[in-house]
Each structure stands twice: as C-alpha cells, then as structure tokens.
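Below you will find the structure I want to go over with you.
All chains are identified by letter, namely A, B, C, D and E, in their written order; residue positions are counted from 1 within each chain.
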Amino acid sequence: MKKVGIADTTFARYDMGAAAIDELKKNASVKIERYTVPGIKDLPVASKKLIEERGCEIVMALGMPGAAEIDKQCAHEASLGIIAVQLLTSTHIIEVFVHEDEIEVGVEEDIETGVEAEAGSPKALAWLADRRAREHAQNVIKMLFKPDAIDREAGTGKREGFEDAGPLI
Amino acid sequence: MKKVGIADTTFARYDMGAAAIDELKKNASVKIERYTVPGIKDLPVASKKLIEERGCEIVMALGMPGAAEIDKQCAHEASLGIIAVQLLTSTHIIEVFVHEDEIEVGVEEDIETGVEAEAGSPKALAWLADRRAREHAQNVIKMLFKPDAIDREAGTGKREGFEDAGPLI
Amino acid sequence: MKKVGIADTTFARYDMGAAAIDELKKNASVKIERYTVPGIKDLPVASKKLIEERGCEIVMALGMPGAAEIDKQCAHEASLGIIAVQLLTSTHIIEVFVHEDEIEVGVEEDIETGVEAEAGSPKALAWLADRRAREHAQNVIKMLFKPDAIDREAGTGKREGFEDAGPLI
Amino acid sequence: MKKVGIADTTFARYDMGAAAIDELKKNASVKIERYTVPGIKDLPVASKKLIEERGCEIVMALGMPGAAEIDKQCAHEASLGIIAVQLLTSTHIIEVFVHEDEIEVGVEEDIETGVEAEAGSPKALAWLADRRAREHAQNVIKMLFKPDAIDREAGTGKREGFEDAGPLI
Amino acid sequence: MKKVGIADTTFARYDMGAAAIDELKKNASVKIERYTVPGIKDLPVASKKLIEERGCEIVMALGMPGAAEIDKQCAHEASLGIIAVQLLTSTHIIEVFVHEDEIEVGVEEDIETGVEAEAGSPKALAWLADRRAREHAQNVIKMLFKPDAIDREAGTGKREGFEDAGPLI
C-alpha cells in the first residue's frame, strides 16, 4: 500500500493535517505517516525524514503562516526548503499553506458549501484551511493513482481552497 | 529521436503545454514527454523526473503565476528550483512563465497576428501565453538542432511573446 | 544520553543560550554542547559542526537580529543556511530568533509571568528572549522524548514567547 | 592554451559577447568557447557546460536584464545560479550584467572615450555594455595570467563600465 | 602554523584586507593567504579555493557593497554564497562587509579612537572599514585559539566597527 506523509505544525490554528488525512482515507487506500513540528521552517527536514526514513512516496506539507512581514519571509524560506527536499529525493511534496491574511474568503463563497462567514473571520479562515487541505489531498490521490486525470486538467485554471479561476478563453 | 519534456500546471489558465507541443511537432521530429502538476512550485521536481526518469534531453517548464504578491514569490521560488535542477542534471530547462498582470499586450500588437484584444483582457493574455510558448518551443528546436542559429542571434534583443526589442544601435 | 547542541552569538543582547540550557537541564536528562559565534550568519556552519563533529542529535540556533533592513536580510540568509544544514544532515535545528523590533510585548503580557515592562523596552525584549528560548527548549524535549505530545498539539496555534494564538474555531 | 568560456544571451540588446571576445583576443593568447542562450536564467547551466563539457578555466556570463521588477528578480535568480555553478565547479565565472535602467551614464562620461550620448539613451547604454564587457575581460586576463596585478588593486575602488570610484582616503 | 585566508575585492574603496592582515599578524602567529577578486560576488568561490586549494582553516571575506538597490542585492547573493561555502567545507568564513550607506558613524564616535569625521564622510567610512576588519580579525583569533573567550561573550551585545550595544539588562 502506498504511503503518504503528512507534515504539519503546532503553529497552525486549524488541524489541516487531520482534514488532509480524512480526505485521503475517504477516497483512497493509502497508509499515513504523520509528523508534527513546531513551525513551517521545520517542515523541510520533517518532509525529508518522512520520505527517507519512513518510506513515504509523496508528502503533504501543511502550514498557516501569519500575517506579519517576518511570517511571509518564514514562508518563503520554508518553501525554498521544501523545493530543495523534492530535488534531493526526486519526490513530490505538495505544499499546502494558508496565509492568515488571505481574507478575501467570505459570504460570497458560501453557495457551494453552505458556510456563512464574514471575509477574514476565524470561521472563514478555518473553512479555507479545511478546503485547501482536502483539495490538495485530492491532487495527491490523482498524482499517485490517476496521472491521466491531472494531465487532462492542464491549463484549466484550477485553484485549491477558493473557487477555480477556470480557463482564460 | 530526441525527447523533449513538457512540464505544466493545472493552475495555468491557458493550455501552454499543448501550444508548445503543437509548435514542436510542426517544426521538428521529437518525442514528447508531458507531465502535469498542480502549481508552478511542483515544476522543479517534475522537470527533474522528466530528465532523470524519462530521459528528456531538454525540458520546457510552463506556468502562469497570478498577480498577487504571494504569486510572485511562488514564481521566484519555482524559478530558483528550476535553475537548481538544471545544475543538478547539466540539462537546459526553458522556463516559460506568463504573469497574469503582464497586461501591456493589446490592440497595438495585433498587426502581425491579427489578434484584436484589449490590453489585459483574458483574450490578450491567452494570445500572449500561446505565442510565448510557441516562440520558446522555437528556441528549444534551435538549441537541440541548430546551435549556430542561436549563436547568430546573440545580443540582438530577442523577446518571446511580445515583439523583439531589437539591438540598441 | 542524548546530546543537544546550543549555537548562539556574541551579537545577541541577552544570553538566550543560557536560558535554553537551564530549561533543558531542569526538564530532561541531556548532554549539552555549546558553540558561540560572532553573528547569526555564523550559526549555520556552527550548527553543522555541532551535528557532525560533536554528535548532537538536535540543535538550537539562537540569535537576536537587529531592527535595520540589513539585519533582516542577515536573518533571512541565516535562516536559509539553517534549513540547508538540516537537509544536509537530516537533523532538526530549532531556530530561536528574537528580532529587536518585536516591540509588541509589554505590560499586557505580565499576567502570567509577573513581568511589568513597557512594550519595546529592553526589559520586555529580555523577557521575550528568555521565554522564547525556554519554550523552544520545551519543544526540543518533546521532539526528542515525547513525539506523541507534539503530535497532539498539531493545528492548535502554539506560539513561542508570546501567548499562544490558539485554534481558529 | 587556456580556454575562456563566453556565455551570453539573445535577449541582450548589445553583443557584449563579441566585445569581450575582441578584448580578450587583443590582449592575451586564449582559446574562446562561446555559448549563446535565450535569457539570463539560462546562463548558469550554460556556464556549467562550458566548464565541465568544454574545458573552460574561467567563464564570462554576459547579460542585459530589463528595467521591470520581474527582470530584476530574474537577474537575482541568475546571479544565485551563477554563484552556485562556481561553487560546484570551483571555477570563477565573471558575471557581466548591464541593467537597462542604468541610465546615469551620459555626456559627462565622454571625456575619456569621446562618446557623446545622452544619459539613458540607447547609445549610452551600448557604450556602457561595451566598456563593461571589455573591462571585465581585462579582469579575466589578470585573474588568469597576472594574479599579482589584481592583488595590488585590492581596496582601490575599481569599477567596470563607469569610472573608478577610487579609494576613500 | 594555522593558515588564515583573506578574500577581498578591487571594488572596495578601503584596503580592508591589509587592515585585517595587520591585526592578525600583530596579535597571533598565523600564516596568511590573500586572494583578491573584482567584486563581492566573486568572494564565495575565492573563499572556497582558499580553503580547499590553499589549506586555510578559516577565511575572512571582506567587501564594501555600494549604496544602490542593486548593490544590496549583490551583497545578499554574496552572503548566501559565503554561507554555502561554509556548509560545503564545514569551515568558518567571517564575512566583513561595510555598506557605503552605513553613515551613522561620525564625530560622536571619536572619543575612543580620536577620529574626527562627519557622519557619512569618506573619512568616517574608512575608519569604520578599518575598525570592523580589525575587530573581526580579533574574532578570528578567538575562534582559532581561544574558543572559551568567545563563549564567555555569548549574548553580550558585541558589535564590530561601531560601539558594542551591550546586554539588554
């Protein structure tokens, strides 16, 4: 059975790891390895360990960077580290970051999910974190089991969390 | 037959991969390996796999970063990763990125192609994405088959997508 | 006995290394290797030496970047280096940085600790440096000895130094 | 005979590669390997190939980044890649970049060279590109053949292209 | 006898390398290897060569980045390269950069040294470059010969060039 690594943080204010695991378990037959670390800058080496020491074929690295300038810099550093691990291991790591100031989500988004939450409210942010984690879990399933399905979506303006942007023309 | 890798994304809002493949097939005898991933930050490891696991001699990495600050940072991270893969594999990866806010293109550009599209409109952006993918596909063909042709263009102000800037004097 | 590396600087204006060591010694049975360098940009190679030459299983890298733009750039460079060392050694390095302009801490924070200090005052900054070093020392202990404990805190909005943000909902 | 690699781009609007080669040939007995690529982000791997596959002992990487924000980011990425290649090969690569918005050059500069060109004009930029390429070619010759000559210039405020700044005191 | 590498530039407007060497020779019995390059971006590979090809146990990399935005970017790239070399060689490189716009130094600083120079004047900048090079040379001596001495200064707010900031409390 294929093994999926879940690297997440205690800093995040929503249990995105649990959402990802729930979505993976519901839709595929995979083994889960979970590894929680303090912050997003600890995710690169945690992901590397999931791949090299625990045999994961793919990893989801989930985190919630804060809104301050320094938090954005941390996210940048973490992202570069996550890319480096992918190159060192030739293995995909799907980065699932929700920024605390992604505040556009709100009542306009509620049609599909029934969520009613003011843009930027904690409830709206939790909704976004949950949905982005789940939609990226779906990406992981496609990458592991249905590469043709993802190939058919090339250039179609997919988004994770928010609604798809769709193709330009 | 030489193999060209095409790494592209589901995030992009235009099927730049298809445009590149069409241009390559029309103008050269090459084998294509296509690999679609969710976003541009997944392109570096996808490109590495195309080179190391699927035997590509050159790769085109195509994507359409969004207009927000965070999207520009993602593009920066992806670009650094793409350069790193080139150094790890000693293989060229031609990055073909179209930024959603490259809005200068418009009706003034239509003489050569017959496209009539307001600057910044979805139609103009699609036109730019198509043309840049195709012109970089032409670069790939030159790099694979006609290195002398590209040497002769050194310092001549070539641009991909928009019109050439031309030499200074 | 497990060995914890403490890399710190003469640039810092508070002895965060001593605070971390005190907290580690009080709460766990570990051996300490300390390595002091001039500035934060010297921390990456110091951490690498603690891991490779002195056998540390985990390292704390402590520093206090200044408030100027150039100091923030130094911190960014140091952080990237610290991530690189983690990937080269497959070993965690817990970065504990306190920025001189983290001035929000102040009298509002004093309930738990009894500290009364105006926001941004040297006393408040020292308090923050001490507390962040100690709380990250607690993280180190969990990572070494109680991985289940840290897993249970996933997505709960933990913070080191300042009060926890807590979960969104 | 020592081999000097010349990596340059079709994007540049002046044939800096030709200027560098002319200066090298006039002043030293070296063999030239030239490698032209589309843009500056293709220079790192081109430089690596010049060193590893074509036996160059030193490389000049010449380019003309545009004036837009994204061009500056590309230049930054290219520079990091060029440094990485140097570290991977333990070989010097002299980066010769002229930014399209280096507009300070102008009529005030014409005394030495006789060039009369308004600051920021295409003619002035071409003059700058030519002169910087040639002065860096002189650096390459010193590095290859007269290391003592360059040692004697330590801390003397040399500039390439524009006039030397000279020592502070 | 231990060997110290001195990597410096012709771009710098003060002979910081000579100042560092003078301070090292006066205070310790070391062998010096000097390596001058055109600019700060050439310092990483020069430092690597000093370590790997000339047997230096520690290197000082000295430079004077200019005041423009592009100069700060060059300094950032050089710093990242210098950190990379340290990690590749497990060897310390003490970066000694003086930025041309570090203008705060001036008459207020003259008590200790007797220098009277208006803040931002060439004389003040030369004074700063000299003093920073010397104080970092002292750090190098401590790191080579008296590691206990530097450990005792942990967290005490040392500065090189300007006056020490001192401990917070």
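Everything that follows uses one rule, which is that a contact is a pair of C-beta atoms (placed from the backbone, for glycine too) under 8 Å apart; a residue touches a chain by one contact, two chains touch by 3 or more.
Note that the structure is predicted; figures quoted are calculated from it, not measured.
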Touch-network distance, chain B to chain C, counted in steps: 2
Kindly list the shared contact partners of chain B and chain E, in label order. D
Residue-number overlap at the chain B/chain D interface, same or different (half cut): different
How many degrees of rotation carry the C-alpha atoms of chain A onto those of chain E, rounded to the nearest 5? 145
CA centre of chain A versus CA centre of chain D: separation in Å? 43
Cα centre of chain D to Cα centre of chain E, whole Å, reads 26
Send over the residues of chain D in touch with two or more other chains. 80, 84
Around the ring, starting with chain A and passing to chain B, what order do all the chains come in? A, B, D, E, C
Footprint of chain D on chain E - complex, ascending: 8-18, 34, 36-38, 41-42, 44-46, 48-49, 52-53, 70, 73-74, 77-78, 80-81, 84-85, 88, 122-123, 125-126, 129
Quick one: which bits of chain D touch chain E in the complex? Just the residue numbers, please. 72, 75-76, 79-80, 82-84, 86-87, 90-95, 99, 136, 139, 143, 150-151, 153-160, 165-169
